[in-house]
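In what follows, chain A forms one complex with chain B and a second complex with chain C.
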Partner chain A sequence: MAPGAVTEAPAAGETSRRRPRSYEALTGYLFVGPAVVLFCVMGLYTVGYGFALSFATWNGFTPNWKWVGLDNYADLLWRSPVYAPRVRNAALNTLWVMISAPALTVAVSFPLAVLLNRVRRFQSVLRSVYFLPYVTSGVAVFFAWQYILQPDGAINALLGSVGLGSLQQPQGWLGNPSTALPTMIVVTVWGLVPVAMLLYLTGLQSIDRSVLEAAELDGAGWWRTNASVIWPLVRPITAVVTLLNLRESLQGFQTFLVMTNGGPGDHTNVLGLEAYRLAFLKQLAPTLGLASALGWILFAAALVLALINLRALRSRT
Partner chain B sequence: MTSTSLAARPGPPDERAARTRRLVARSVVGVLLALYGIVSVYPFLWMVSAAFKNQIEVVRGGHLIPDDPTLSTLVDTWNKLHFFDFFLNSLLVTGYTVVLTLVIYAAAGYAFAVLRFPGRGFLQKLFVSLLFVPGITVMLPIVLLENTLGLLGTHFGLVLPFVNGGAPLSILLMTGAFAAVPGELRDSARVDGAGELRIFASVYLPLARPALITVALLTAIPTWNEFLLTRVSLNDPSTYTLPLGLQTLSAENVPHYNNLMAGALIVVIPVILLFLSLQRYFVNGLVGAVKG
Partner chain C sequence: MRIPFSRNVRLAVVAAATALSLTTLAACGSSSDSGGDSSSLEMWTFKQSHVGALRAAAAEFKKQTGISVKVEAYTPDDAYTTKVQSAAKTGDLPDVLEVHSDGEDRVFGAAGIAADISGDFKGDWAARIQQPVQQSGLVTEQRFKDSQPETAKDHGIENGARYSVPLTVGTFGIVYANKKMLAEAGITEPPADWQEFLDALKATTAKNPTTGGLALGLKVQATGLTWVLQPLAFSQLGQQGYEALFGQDQSADFGSPNGIKVLSLYDQLTPYWMPGAQSLTIDEADQAFAQGKAAFDVGGTFTLAFLKQNGMNPEDVITFALPSLKDGAVPDRALGPLALTGLSVTATSEQPDNAKKWMEFLSTPKVAAKFAKDASDVPATELGADSATVLGPALSAMVESFKGTPQNTYDPNRGNEFRAPGYEQDDAGAILADLSPLKQQSVEQTAKKLRELNASFWAAAQ
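Presenting the complex of A and B:
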């Protein structure tokens, strides 16, 4: 049968026979209308506006923009002695987060899901407990972390009481320049594990039992089955988890803004936070164009990441 | 019939050893799972603990279980530090955002899933593409635009970008739910003389109830916790939402951690209750969103 012979899907064919096509089109536009109008104002307009602004300098108050072409991008990336080093430092910190946070998240959440999948009785209770960090993600929880990471906070007290007093941080975990970024990465991972764990868990539960039985009959032990049968089977999930986490590590900065504000001494400054600062915390300095340009650099990086990830996904399946 | 692999079955003497091994394995699994459970709730434990401590004890550090538990910290935070007002503001912003999201994107999802019109595929892709624009990239233009429109500093000015920000996810979930409704239902409602709006409201919406709840949850929770745009939009303390009110507490010279944690508890509890009572929808929605 030639595919051209049945062009219309049956349902659509029937409806178009009963009522004129233009009527249905009109209703369609009315139904999407509100969403599209809001999207045009809050989405398209703001994206366009921000893009234009990235080629200008403006402080937000003077009546006119000054067009500067690609100067903002050049200033951020290499030219300006003020901004380029800051951006480079923030990019390096961001890179650390982007490498370690997704890797650690996978390293924690896959084994966690495998273990959780083994138990029956407490599974749903544990799943809710593991999920709390995601649901409550926000300022409140970040302050709680800040509280326990203080010099006389609970983490230091815990280390002292289990005999690991040498690991205590007298300046606080966020006060010591060399522990601040790793600590922030741990807090980030803590927040990323829930969704990753959930995705792995649903993936594990959809694996065909006969595959596992076959592995067992072949004499594969528990470790072997997990490493050489299950891990490859959930690879698409690993790809999705990695993409989500890379995006979050690249763009997310709320945790950093609330907990360290980039400190001590810019040791935890990340690109998103730098853009936020340029946009909102520079008072009368004309940095709004720079902020927009940095936002677009982040967008470009996110796009490249998404494309690479898509490629990786396709080549595997 | 094949009987090959049965030969390798363990005999009775091995049985007991195998059982012990299983027991050990099971306890190891239990311990590991419990350990991560503690990691997961650790900051919350101390949040609750500090919220029930008085000023002196919280400075001293001390134990997880307060020596001298007191309710006055929570009461003070709720009354004197205006957390009741912040709570109402948060409720307003979240409520408006959820209602608008449901109305606008249920309609849009219906159009994308059921109705046929030129440009449908293009519009759908346009909404999904919004997912790739980082929040920070559009935050500044949104603030500038709202300033021009006179919406900056109002709750409504927050609601509009929040609703639009949830568009890709909401449309994805609603379209999926409506597409799963069998087309015959629409056809027979048609024969009975129902108009498009009738069909939408009395046939499709009731059937999409789980998806509506999921969208409501996935909108409500991030909106309740939102901080970045709220912080740069609101200026008048009487309009502050909970996260912003909490931030003013921490911005004091010497933050009173017992009040701060009591405030944090007030922020977190409604979300936890909401999540626990509607967990099923939440989990399904998240999985559906990522797969879609």
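Presenting the complex of A and C:
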């Protein structure tokens, strides 16, 4: 075989390999292209539009915006005697949700996952049952919760029928300012537990059996194994669950909108709901800019939380 | 694993995906033509209870003119607003919009959504409308002046323009009572004054502790304030005293002895709210009343239609205006009628003349009377001597509550004249809810908070 032929043959092969590769890349780009274009138009445009709006006043109808610089942010945070106190009250309620909801979700979902992991029969059925709140969550379910929590609802009826009438809420669980926010937190947790439980379950199933056997050989009982071996091993999952739930508690508001609309009075008003009110429930007042500014404040808070969480994850894992 | 697609198949898929996405984008950017052909109109409303009546009128209109009208409802109110907002952006507005009178119509006018129809609303058409609401939809000198600050919702309206014509009239503060429950408690006549009203509530709640109370959708924060406290304050203090509650003079505002007096009166209702009233929307409260969960329900003239929709027979209901105080400044207070909803022609309508023809058709006495019957609502058209027959006993009793003199009539239209610019009634309503029904604050604490809130609006306005 001539040397030239030897050198030429691989070159021809490379070209033929390169061609499909570049062709594949082009195909890939073409597949991704529409999504990128859509993101640029629907995503970047709306984000940019919303950010610009946070520096203006507008009611959604008039042809022009009025630029006000940082006034919207100042009004919400401290300056306006009308908006700042409402935002402070909503921030306090949001803080309660942010502390309670993630903590309760972890407290419920981890033990639930541990128990589910031990069950040998009907595990998939039980997993589906516990996942049900996630797939059924939505406006209809929140309405159902409302009926359950009414003065003549199922919870009061149940309490009455088991001789715990003194615990009944004559005004309903959402009608009493002392029970409204805790009840909303419980409903929120009910919606958050399924995903958290699944994440924990995935974590538990990936733990090396030998680690657990070693703990067993060392004399660790069920409680000790869970507390000192499994719990530290699933800490990254706890961090993820906490972060997801913190974000949901900070920005989510649809449950509150449907079930209480911030009431009774203003006792369950949260920041997300306040932003929604400023945007859509102000009888066409030019407060869309304020709503947008509050949205960006929430975004900044979520970003800080994410960075803290990232830091915590890095140092622990 | 690679799936062995042929090059042609892959190319076809890519082309299809690209074409589909471009189609989507194109759909986002384009505006469809809502106008249809020249003999069909489109109308949107936010009142589900009006749909049937409007469609019946549309059928008659088509018979007479050959022009068809497609009526669509979008509820609740905030969804309707958002729908109009987005349709205005994409050029998909209908020809005619039903609007909340004297507010929303002007906002739409300022935004260029509603057309100025001042040149058309005259002669027979204008004369058919009830005199007290004839100026509804019109930009008067005062309204134009109020719109001048850049923060005004209707900044940009033109002096003398008309952005809507009234369709329905009514008022708030109408009490509905369940005849049967009242009879069981030994009550056969509607209460004549505030004290009798409280006595009636006491009797019905004594008879039925859980179902004998008063329903009101207090989840909507301003209802307690605007439907009960304000007409009550007017009756107790008279117009001047009532309006001063919202002013800057601390000797007459909510923190003053007058304010304390009014809040104490409102607090008298606390034992009688139906359980959980604070968690109910207006519709839910009306539904609860229709289901027999409350003996009384506070609403407006428009509530009757909703009760009927929910299976309540108007014959089983007694209606009366929220009673006044016998020893108050205005013991015989009337509730002023206001235009509740109006009709606007959109600025983008391709058939404005047909749209106006349809609006004028709706105002004719015969059509308005049929509309009143079908929708159980009070039309803006003057029905004359036949009014009582057309409206039926329940609606007629409500219309009776409109009849008063300028001195003794509580006019819910007034507000800008004495409240701080930017005043938010929901914020005041939330404070009031803490007094009654929530019992979280005393009368004095509530008075102090309302004073502070008013002061904050006045301060913000400066």
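Just so it is clear, the second predicted complex is superposed on the first by the 290 of 317 C-alpha atoms of A that agree within 3 Å, B and C clash if a C-alpha of one lies under 4 Å from a C-alpha of the other, contacts with A are read in each partner's own complex, and residues count from 1 in each chain.
Heads up, the rule we're going with is that a contact is a pair of C-beta atoms (placed from the backbone, for glycine too) under 8 Å apart; a residue touches a chain by one contact, two chains touch by 3 or more.
Since we're looking at a predicted model, the values are computed, not measured.
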- Task: Answer with first, second, both or neither: which of chain B and chain C does A:L132 touch in the superposed model?
- Result: first
- Query: So, does A:L112 touch the first partner chain B, the second partner chain C, both, or neither?
  - Reply: first
- Query: First (chain B), second (chain C), both or neither: which does A:P102 touch?
  - Reply: neither
- Determine, under the contact definition given at the top, whether A:G60 touches first (chain B), second (chain C), both, or neither. both
- Item | Contacts of A:P34 with chain B and chain C, given as first, second, both or neither | both
- Message: Looking at A:L284, would you say it contacts chain B, chain C, both, or neither? Reply first, second, both or neither.
- Response: second
- Item | Dominant contact partner of chain A by residue count, chain C or chain B | B
- Message: Quick check for you: in the superposed arrangement, does A:Q254 touch first (chain B), second (chain C), both or neither?
- Response: first
- Share the list of chain A residues that count as touching for chain B in one structure and for chain C in the other. 27, 31, 34-35, 38, 41-42, 60, 146, 152, 280
- Message: Help me check something: in the complex, which residues belonging to chain B touch chain A?
- Response: 5, 8, 25, 29-30, 32-33, 36-37, 39-44, 46-47, 50, 61, 64, 103-105, 107-108, 110-112, 115-118, 120, 123, 126-127, 130, 132-145, 160-161, 163-165, 167, 171, 183, 186-187, 190, 196, 200, 221, 224-228, 232, 242-243, 246-247, 250, 257, 260-261, 263-265, 267-268, 271-272, 275-276, 279, 282-283, 286-287, 290
- Query: Touching chain B in the complex: which residues of chain A?
  - Reply: 11-12, 14-16, 18, 21, 24-29, 31-32, 34-36, 38-39, 41-43, 45-47, 49-50, 53, 60, 108, 112, 115-116, 118-119, 122, 126-133, 135-141, 143-148, 152-154, 157, 190, 195, 198-199, 202, 217, 219, 222, 240, 244, 250-251, 253-254, 257-258, 272, 275-276, 279-280, 288, 291-292, 295-296, 298-299, 302-303, 306
- chain C contact footprint on chain A (complex, rising order): 23, 27, 30-31, 33-35, 37-38, 41-42, 57, 59-63, 66, 80-82, 85-86, 146, 150-152, 170-172, 174-175, 177, 260-266, 280-286
- Item | Footprint of chain A on chain C - complex, ascending | 7, 10, 14, 17-18, 20-22, 24-25, 28, 78, 81-82, 85, 88, 103-104, 107-108, 110-113, 150-151, 153, 155-156, 210, 218-221, 275-279, 281, 293, 422, 424, 426-427, 430-431, 433-434, 437-438, 440, 455-457, 459-460
